[in-house]
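Next up: some structures, all given as C-alpha cells.
Look for subunit A in each of the two complexes below; its partner is subunit B in the first and subunit C in the second.
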Partner chain A sequence: MNKYFSTKMSIFVFATPALLLFTVFCVYPLVPEIWMSLQKHNGFQSLGFVGLDNYKAIFASSSFWTAHKNTYLIVGISLLLGIPLSMTLALFMEIQTPRLRRFFKSAAMFPAILSVTVVAQIWLAFYEPNWGLFNSILRAIGMDSWTHSWLTEKNTVMLSIGLTFLWQYIGLNAMLFYTGIKTIPKSYYEAALIDGANFAQVCMRITIPLLQNIIKYVLILSTLGSMAFYSHVRVMTAGGPGDKSRTVIYQMYYTAFDTSEFGKGTAIAVVFILECLLISFLIQRFVARDKLEF
Partner chain B sequence: MSKASKLKSATLLAAVLLVVSACGNNTDSGSNQVSDNSPAPAASTDNSAGNEKKIKMRVITITTDENRNKIMDEYIKPNIEKALPNLEVEFEPGGGGEDMANKLKTLNASDDMPDVFWNDAGYFTPLKSTGSIMDLTSAITADGYIDKYAVPDALKHVDGKIYSLSSGADTYFTPVIFYHKDMFEQAGVKVPTTFDEFMQVSKTLKSKDMVPAVTPGKDGWGPKLFMLQQMIQIGDPQAMADLVSNKTDFSNPSVKEGVARIEKMAKEGVFPEGISNLDYGPAMEMFTSKRAAMLMMFTWELPNLAKDDTVDFFPFPSASDKYDPAKVVQFWGSPLNGYAVSAKTEHPDEAVKLAEFLAMADALYFESTGAPISLKTGNAASEKSPLMQKFIDWYNPIPTKIASFALNSLDARTSAELSSQGANLLTGEYAADSFVTAMDKIWSENTWFDN
Partner chain C sequence: MKYISRIFWIALGCTFLFPLYWMISIALKSKSEAYENPFGIPSSWKWQNFSEALSKYNYFTYLENSLIYTLGTIAITLASGSMLAYCLSRMQWRFNSSALFYVSLGLIVPIEVVVIPLFQLIKLLHLKDSYWALILPYSGFAIASCVLMLYAFLRSLPKELEEAACIDGTNVYQAFFKIIFPIIMPALVTQCVLIFIRIWNEFPLAFIIASKDQFRPLTVGLLSFFVNVGVSDWGLIGATMFLSSLPMIIVYMIGNEKIENALTAGAILK
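Entry: the complex of A and B
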C-alpha cells in the first residue's frame, strides 16, 4: 500500500481531478469576470474599455453601501445571535431524555430541509401587516402601537428577513454542535461531576473549549452563508422597498440583470470576492488554530 | 515512459475528458431537434404528415396573470396538436415583469433562446442588438396572416419592421379604478370626479374600516406601469405626453405635482399597509374578496372582474382643468408586445406558424370575453358584458391616447430604477422631492431615445 499511496505521485493523482475541476469552474471564470468589470458591458457585448470607472461608480453608489450594511447585519445576526442560540439548543438537546431528544432533533432539522421559497412564504404570512400572525397577536393583546408593516418599513425590513434566515438554519447549526458534543469522552464529564462542577461550569470549561473545531466550521459556514444571502430577499421583498433590503449579492444581480450594467455588476462581484477571501483568511488565521486532541 | 508518468498521464486525460464532456455543447440535443419517438426520418412542415417525426419547439410566455393561464389551458394546449401536428411544443413558464425580462436576457446571453417567446418593449433592445429576434414582415405577408389584422400598420415598430404578433387587445388596455358599488353605498360615498374628491372618498372609506384602494406595489409595479403616468396626466396631460417623448424631464412642475400626489395617497392611507410589498395576486384577491373598495388596475382584468355584478369602474379623477377623462387616456399597447420568433431558430417557418397560432389563441380568448381585438378570428362578434360595453363606449371616442411611459420611454436601467423609486414612494416614508431628484439624474442618463 505504502508503495502506491504514500508518495508524492499519489498526492498528485488524487488531487489532480479536483484541482482541475476547481480551476476550470472556480478560478478560470474569475478571469473574464475581472476583465468584464473593466468594461462597459450590457451582458451581450462590450461597449468599450472603461478602466476603473465601474469601480468608482459602485463605490459612489449609496445602494452599494446600503447592500453592505444589510449583508453585514445578516452576518452579525447569524454570528452573534445564531451561533449562541444554536449552541444553547444543542446543550439543551444533550440533557433531554432520549425520546425528547429525538423530538428536538427532528424539530431542529425541519426548517433546514424546507425550501427557501416555502419558508419565505410562511414568514410572509406571519409578517403581513393587515392580517398576519404577528400584528394579529399584537392587536389581540392590546399592543396596537407595536404593530408594523414589517417588510416595508426601513427600520424593520432587514431584521425581519434576518429572523426568518435565523429560524431556518439555527437547528442545522445546533445539530452540528450536538454531533460535536457526542464526540467528547464521557469520562471528562464524570470527572467534572466528581469535582462538583455544575452544568454551566461543565459547558464553559469542557464542552465549549472542546468544540472549537466545530465552532470554527460553523463560524465559516455561517459567515459565508450569510454573505451569500439572496434567496430569502428575492422571495420576500425583491430587495425592496427601493433598495432597503438589498444584500451585496442581490445588488450585484440587480445591477447586472435588472439594469443591464454587467460591467458594474461584475465590479461588485470582484470587490465582494475579495471581501470573502479576506474574512475567510481572518477566520483561518485567528480562530481555533491549536490542534485539539482528546 | 515510466509507470508513474503513464499513471499521471492517464489520470490527467481522464480528468480532462470529464471536464470537456461536462462543458461540451451537444449539438444533437437542441430544442429544435427531431424527436426519436416517431418512426419517420425527417422533420416536416406538412400538417397532414401525422406519422412523420415531430419538430421540437420551445416556447416561453407570460404565466403570471389569470388571462394568460386561461389562454394556455383552454385555447393553446387543447388545440395545438390538431392545429400543428408536425410540432412537439414544450411550454416553459416565463413568469412576468422583471423575472421574465431577466430570464430572456440570460437565455439570450447564453445563446439559448426559445424558438418562440413573448416579446416586450422592456427587453426588446438587447434582443434586437444581438440579432436574436426575427423580422416577421415577409413571412406573415407571404402566408397572408397580415391580412387578418384590422390595422396592419399598428404591428410595425418605429424601424418599420414587425417583430411581434398579438391579438391587438393590448391597445384597449388602460388603467382605471375598479370599485365595489355595494361598498361605496355602504360607506355613503359617490364616484369621485376630482382628485380631491377621491382623497375625501378614501378618508370616508377608511373611517368605515375599509381599505380604500389597492394595487400591486411590489417592485414598484403600480407606480411604474401606470400610477406615475396617471398622477401626472390628471394634472397636465401635455406634460405627460412630453415626458413620454422626452421633451421634458422630472424637474417639470407638473411632473413634480404628479409625484407628490402618489406621496399624498401613500401617506394619507389610501392604500393598505405594506402596499410596497404587495404582489399582483394578493392585490387582486384583496379587491375581489371585498377587503378593499377600489382597485387601480388595467382593463385586462375587466372581463374577470365583470363577473361580479357589484364591480364597476371609473377613470382616474381629474386634478386640474387641463384634464378631461373623456378626452385623454393612457393606452398600454406597443407593437413590440406579442409573440416573437427567435432569429436563430433552426425551423423559422414552423416557428412563425407557431407564433401565428399563439396570437390567434390570444385573440379567440379575448374575443370570448367580449374584449375588443384587432386580429380577425372569423367569428361573429360576441355579446359584450355591460361593463365591457361601458368601457368601449367610453374608451373608443377618446381623441387623445398617450402611449405608455413604461413601454415607450425607458431603457433597462431607467425602468429598473423607476421600479425601485416607485416602491419607495409607496412606503410613505419617501418624499416626492427625493424621488424627483433621483429620477431626474437617472432620466438624464436614459439611453432609450439615443437609438
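Entry: the complex of A and C
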C-alpha cells in the first residue's frame, strides 16, 4: 500500500518545501561564506581575491585568541560546573516531597523562558558597582575589599557573564536530567535496596550510568549552546572592556558589521564551523556510543 | 535535617524567581527610590513608570512583530517539516536515509555562524524590509529538529494506519491531512512549544537583520530602548522589561506542564 502512495509526484510534493527551505537558508549560506572569506569584502562588493590572507590576518590578531579563550571558558563553565550542578539538583529533586518538587521545577525552569535581553539587563543591575546586589551584600557582611566593578574589570568580566549564563540554564538542564531519571525502571532501585545500597551508591552505580543517553544529549546541547555564546555579552558589556569579553561569535559580528571587514568576519566563521564540527564529532565518537534500551 | 533541606530547596527555588520579583518591584519605584532602595519592597506603588513605558517604548509594535515572527515560523516549519518527516518515514523513496542524514546536519551548525552570508542573501532576495527576512531563515534552521522528532514519532506508528484509507480510495494528501495529521498532533504541539520559546527569545539574527525599528521583535527593541534610556532610569527599564516578558510569563503560567513536557521531550527521544 505504501507503493500506492509513493508516486514520484507525491514524494516531490512532500519532500520539496522543507528540503528547499533547509538548503537555501541553512546549507547554501556556507558557500558564499567560504567564498567571501577568500576575498577582501566590505559588505557591498568584493575588493578583490586575496587567497588565504584573511585567515593569516585573523590568526595573527590577538582579539581572535582572546575571543577563543572566552568562548572556551564559557564552554568549560557550562560543562564542568553546569552539568555536575544540574545533575546534583536532579538527583536530589527525586527525594523531595511532591509539592516542593513542583514548586522547584516551575521556579528552576523560569529563567530559561525569559529572553536573554531581560536576563542580561537584570544581572547588569546585580553587578552594578555602587548599588548593585552583589556589592551591597558584600558591604553588608563587611567584606568591602571583595567588591569589584564586576563588568569593567578584565579579570572578573567573563566569569561574571558566565555566572549569568549558568544561572539561566541550570534549571532547564536539571529538568532534562530529572526527566531521564523518571524513565529508569523502578525494578533497578528495588534490587539495589534489597542489597542495602545507600543513596550515594544508588546515584553513582545505577542512576548516572543509566542516564548516559540524556547526559550525551545535554552535553551536545550545552556545548553547542555555549559555543554560540553571544547575546549576553552584547547586552551586558558590548565586548568590553576593550576586547576582553568578546566571544568568537562576537568577534565575528564585530569584524564584519562594525569594522566592515566582511572577508575577515567570514574567515572567523569558517574556522569556527570547523571547530563545531570537530567537537560534535568527538562527542559522537567518544561519549555513550551504545544506545541503552530498557 | 529534613527541615533544613526543605528550607534550602525553597531558598534555591527563590533565587530563580528573584529576578521576577525585582523586575516588578523596581518598576513600581520612583527614580530616587530605585537608587536608595534598589532591592527592597517599594514603599508605595507608583504606576507612572508603566504609563511612561507605554508612551515611550514601542511596545505594541514590537509585540506584534514578535508574534508575526514566531507564528510565521511555527506555521511554515510545522507544515513543511511534518510533510518531509512523513515522506521520509512512510514513503518508498530511494534517498530516504541520505535525506534524513542531510537534514540532521542542521543540528550541528548554530545559526549565528552563518549570519554574514544570510544577511547578504536576504539583501540579494530583496527580503530586507519584510517579515520574511527572519521567518524564512528561522524556519530553515528549525526544520532539522522538527523533522527528526516527527520522524521518530511516525516510525513508531503501525504501518497499517493508512491501509484502510487506501482501500477507500483516498489519495495520499487526504490521508496525510485526515489520518496522519491528527495522530501526530502531540508531537506537533511539542514542536510548537519548542519553536515558540526559541524564536520568541531569539536575539543574534534579529539584531542584525531587523535593523529597522518597525520590524524589530521585542528582544531587539528592548535592547535599543535600554541603549536610548541609558542606565539612569531603572524604574522605567523595569517596567519595559516586565511588559516585554509578560506574554511569556502568561504563557508559562497557563501551559507550565505542556512547556515542561515539550522542553524535556527531545531528551527522551534521542
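Everything that follows uses one rule, which is that the second predicted complex is superposed on the first by the 273 of 294 C-alpha atoms of A that agree within 3 Å, B and C clash if a C-alpha of one lies under 4 Å from a C-alpha of the other, contacts with A are read in each partner's own complex, and residues count from 1 in each chain.
Rule of thumb we're sticking to: a contact is a pair of C-beta atoms (placed from the backbone, for glycine too) under 8 Å apart; a residue touches a chain by one contact, two chains touch by 3 or more.
What you are looking at is a predicted structure, and each value in this text was computed from that prediction instead of being measured.
With both structures placed on the common chain, the touch criterion links A:42 to subunit B but leaves subunit C unconnected. Counting residues of subunit A touched by each partner, subunit B versus subunit C, the larger count belongs to C.
In the superposed model, A:243 makes contact with subunit B only, not with subunit C. By the touch criterion defined above, A:280 reaches subunit C but does not reach subunit B. Contacts of A:266 after superposition: subunit C is touched, whereas subunit B is not reached.
In the superposition on chain A, contact of A:129 is made with subunit B only, not with subunit C.
Once the two complexes are laid over each other on the shared chain, residue contacts for A:90 go to neither subunit B nor subunit C.
With both structures placed on the common chain, the touch criterion links A:153 to subunit B but leaves subunit C unconnected.
Once the two complexes are overlaid on the shared chain, A:254 sits against subunit B while remaining clear of subunit C. Shared-chain residue A:17: touches subunit B and subunit C both. Note: residues 13, 17, 21, 24, 43, 128, 257 of subunit A belong to the subunit B contact set and to the subunit C contact set alike, using the contact criterion stated above.
Remark: subunit A residues 1-7, 10-11, 13-15, 17-19, 21-22, 24-33, 36, 43, 92, 96-97, 100, 103-119, 121-122, 124-125, 128, 131-133, 136, 167, 171-172, 175-176, 179-180, 183, 213-214, 216-218, 224, 227-228, 230-231, 234-235, 249, 252-253, 256-257, 262, 265-266, 269, 272-273, 276-277, 280 touch subunit C in the complex. Interface residues of subunit A facing subunit B in the complex, by the touch rule stated above, are 9, 12-13, 16-17, 20-21, 24, 42-45, 128-130, 149-154, 236-244, 254, 257-261.
The part of subunit C that touches subunit A in the complex is made up of residues 6, 9-10, 12-17, 19-20, 22-23, 26, 35, 38-39, 76, 79-81, 83-84, 86-88, 90-93, 99, 102-103, 105-106, 108-118, 120-121, 136-137, 139-141, 143-144, 147, 159, 162-163, 166, 172-173, 175-176, 197, 200-201, 203-204, 207-208, 218-220, 222-223, 226, 231, 234, 237, 241, 244-245, 248, 252, 256, 259-260, 263-264, 266-268, 270. Within the complex formed with subunit A, the residues of subunit B that make contact are 4, 7-8, 11-12, 14-16, 18-19, 23, 98, 101-102, 105-106, 108-109, 126, 129-130, 211, 218-220, 272-277, 291, 411-413, 416-417, 419-421, 423-424, 426-427, 429-430.
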